[in-house]
Amino acid sequence: MSEKILLPSSGRHTAEGHILPVRIYFEDTDFSGVVYHASYVRFFERGRTEYVRLLDVHHSALDAGEAGEPMAFAVHRMEIEFKRPARIDDVVEVVTRHKETRGARIILNQSIRRAGTILVDAVVTVVLVNKEGRACRIPELLAERFAAAPR
Amino acid sequence: MSEKILLPSSGRHTAEGHILPVRIYFEDTDFSGVVYHASYVRFFERGRTEYVRLLDVHHSALDAGEAGEPMAFAVHRMEIEFKRPARIDDVVEVVTRHKETRGARIILNQSIRRAGTILVDAVVTVVLVNKEGRACRIPELLAERFAAAPR
Amino acid sequence: MSEKILLPSSGRHTAEGHILPVRIYFEDTDFSGVVYHASYVRFFERGRTEYVRLLDVHHSALDAGEAGEPMAFAVHRMEIEFKRPARIDDVVEVVTRHKETRGARIILNQSIRRAGTILVDAVVTVVLVNKEGRACRIPELLAERFAAAPR
Amino acid sequence: MSEKILLPSSGRHTAEGHILPVRIYFEDTDFSGVVYHASYVRFFERGRTEYVRLLDVHHSALDAGEAGEPMAFAVHRMEIEFKRPARIDDVVEVVTRHKETRGARIILNQSIRRAGTILVDAVVTVVLVNKEGRACRIPELLAERFAAAPR
């Protein structure tokens, strides 16, 4: 049988940005009956991870020092607007678009939508930090890959 | 573009059981560098959810009273052995096999493996509970679907 | 022995706002070695819960319809700035201050600090929603309690 | 004002074992209306962390190499029975008792109870692992502290 079918989706780059499908599970909901707000923050992180994976940027490789010293992405700032709730069993899409790079900061527009309706909207600023937690210049290697991302 | 590509994987039933691929994200790991043990417990739940989804059993429908009164699956018992850790960026597979049904209890064998190596092994007993938390007889509707599951 | 000692802290209202102490556990960290950013979002929710608990507002009572129909708090908007990371075993404080109430919206200033240093800063807008997810007017009963909160 | 009041509870050792009080928050529940089963797994980990903290064993110190090389606790095996659910706003107690030490393995009895009623019961085996994930002999330093724990 094809192993390809059994890979989790990494989504894909489209004209409107990178799109990652996410299924809502028990773990994502709370007693109010809908998705817990911090779960969307986790979904945004999955979206960013798959967005950079398709640019051939991997957390494990960054952690291993591929770009010089060991590094990891860290979120510097988020503005999130929660418009409508998702529910158990829903399939939602995490949309990630590069907005701009300013020095060490990469600013992304992200949203979560269901059947074309936007549920959550966010602007997220990420930086690369080294093991001491200091923000690093974006390595040339990565800057080129980001520059090549569809937008 | 095909929307099908953008659905998250629900895995599939195979001769060795239901198999769901899962990607390891930041949220699943802890400061020790590997996956946090309770994350595997969440992965097992995703595996069970997709296992029953392919049998056309949906949490949202159960919650809406499809099988009589509103119901939800609840875990009654787990035995878990953690053998080897998964790491950031890994793809693991959640394998779910029906072991037996005893009255109201459905007993499943579950494991998490990476490239054929078992990382975590579990025996999980689930029950259906109503809104008061009392275990329900497995509705005929579901019993038939479970009976029809590949094993 | 005193049972009081064995209650989890609900924090307390002070001149600078409500303060809730929180311990950093394995579950809160990620493989980069520090606290996962979405964990702070959970801590802010704990802070708000204890802030309203000390005003005698309880999620369980709201859910049971104490204020008319069943209701729950929902986050409408968050602006978060992540300045410095917390680490395993740290004790941090969640500080919650009422900023203003605008119609159905309650706007709070929240921060997380360690030994007097601010790690994370946030402005959070919450609303009360009914079971259909529609924002409710703040019930008189609650409005009075919020008005009486130290600020 | 007293800073002591603002420390989170580390619980205490009693004749029946170490007891840690835990408050149930939004993040711990799921759409079925009660606590999500994997949340209890997190609570057990908090209980173990505070149990060892009162023995002056700290994850941060182990990670920094206090006991020789850098080490972390890892769960090797869990048997969990979920008897009754906890709900939003509940206060539960995590009870942790040393059962036995067998070579590199520390076996603990843990339970979660509310107002004297046991909700969840567990037997948990933990080991210390080094950065390569290999189980380490329990360092003399720790063995002595465990031996001195009330039981």
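The letters A, B, C and D name the chains in turn, as written, and every chain counts its residues from 1.
The rule we apply is simple: a residue touches a chain if its C-beta (ideal position, glycine included) is under 8 Å from a C-beta of that chain, and two chains touch if they have at least 3 such contacts.
Because the structure is predicted, anything quoted here is derived from the model rather than measured.
A.B. asks: Is the number of contacting C-beta pairs greater for A-C or for B-C?
C.D. replies: Of the two interfaces, A-C and B-C, more C-beta pairs touch across A-C.
A.B. asks: Sort the other chains by how far their Cα centres are from that of chain B and give me the top one.
C.D. replies: C
A.B. asks: Quick check: how many Å separate the C-alpha centres of chain A and chain C?
C.D. replies: So the centre of chain A lies 26 Å away from the centre of chain C.
A.B. asks: As a quick test, compute the distance in whole Å between the mean CA positions of chain B and chain C.
C.D. replies: 32
A.B. asks: I need the residues of chain C touching at least two other chains; which ones are they?
C.D. replies: Counting only residues that touch two or more other chains, chain C contributes 26-27, 31-34, 38, 42, 45, 59, 63, 87-88.
A.B. asks: With touch defined as at the start, can you tell me which chain D residues reach chain B in the complex?
C.D. replies: 31-34, 37-38, 41-42, 45, 59, 63, 72, 74-82, 84-85, 129, 131, 133
A.B. asks: Which stretch or stretches of chain C touch chain B in the complex?
C.D. replies: 26-27, 29-34, 36, 38, 87-88
A.B. asks: Can you tell me which positions in chain A touch chain B when the two form their complex?
C.D. replies: Within the complex, chain A touches chain B at residues 1, 5-12, 14, 19, 21-23, 25-27, 42, 45-46, 49-50, 53, 58-60, 63, 87-89, 91, 93.
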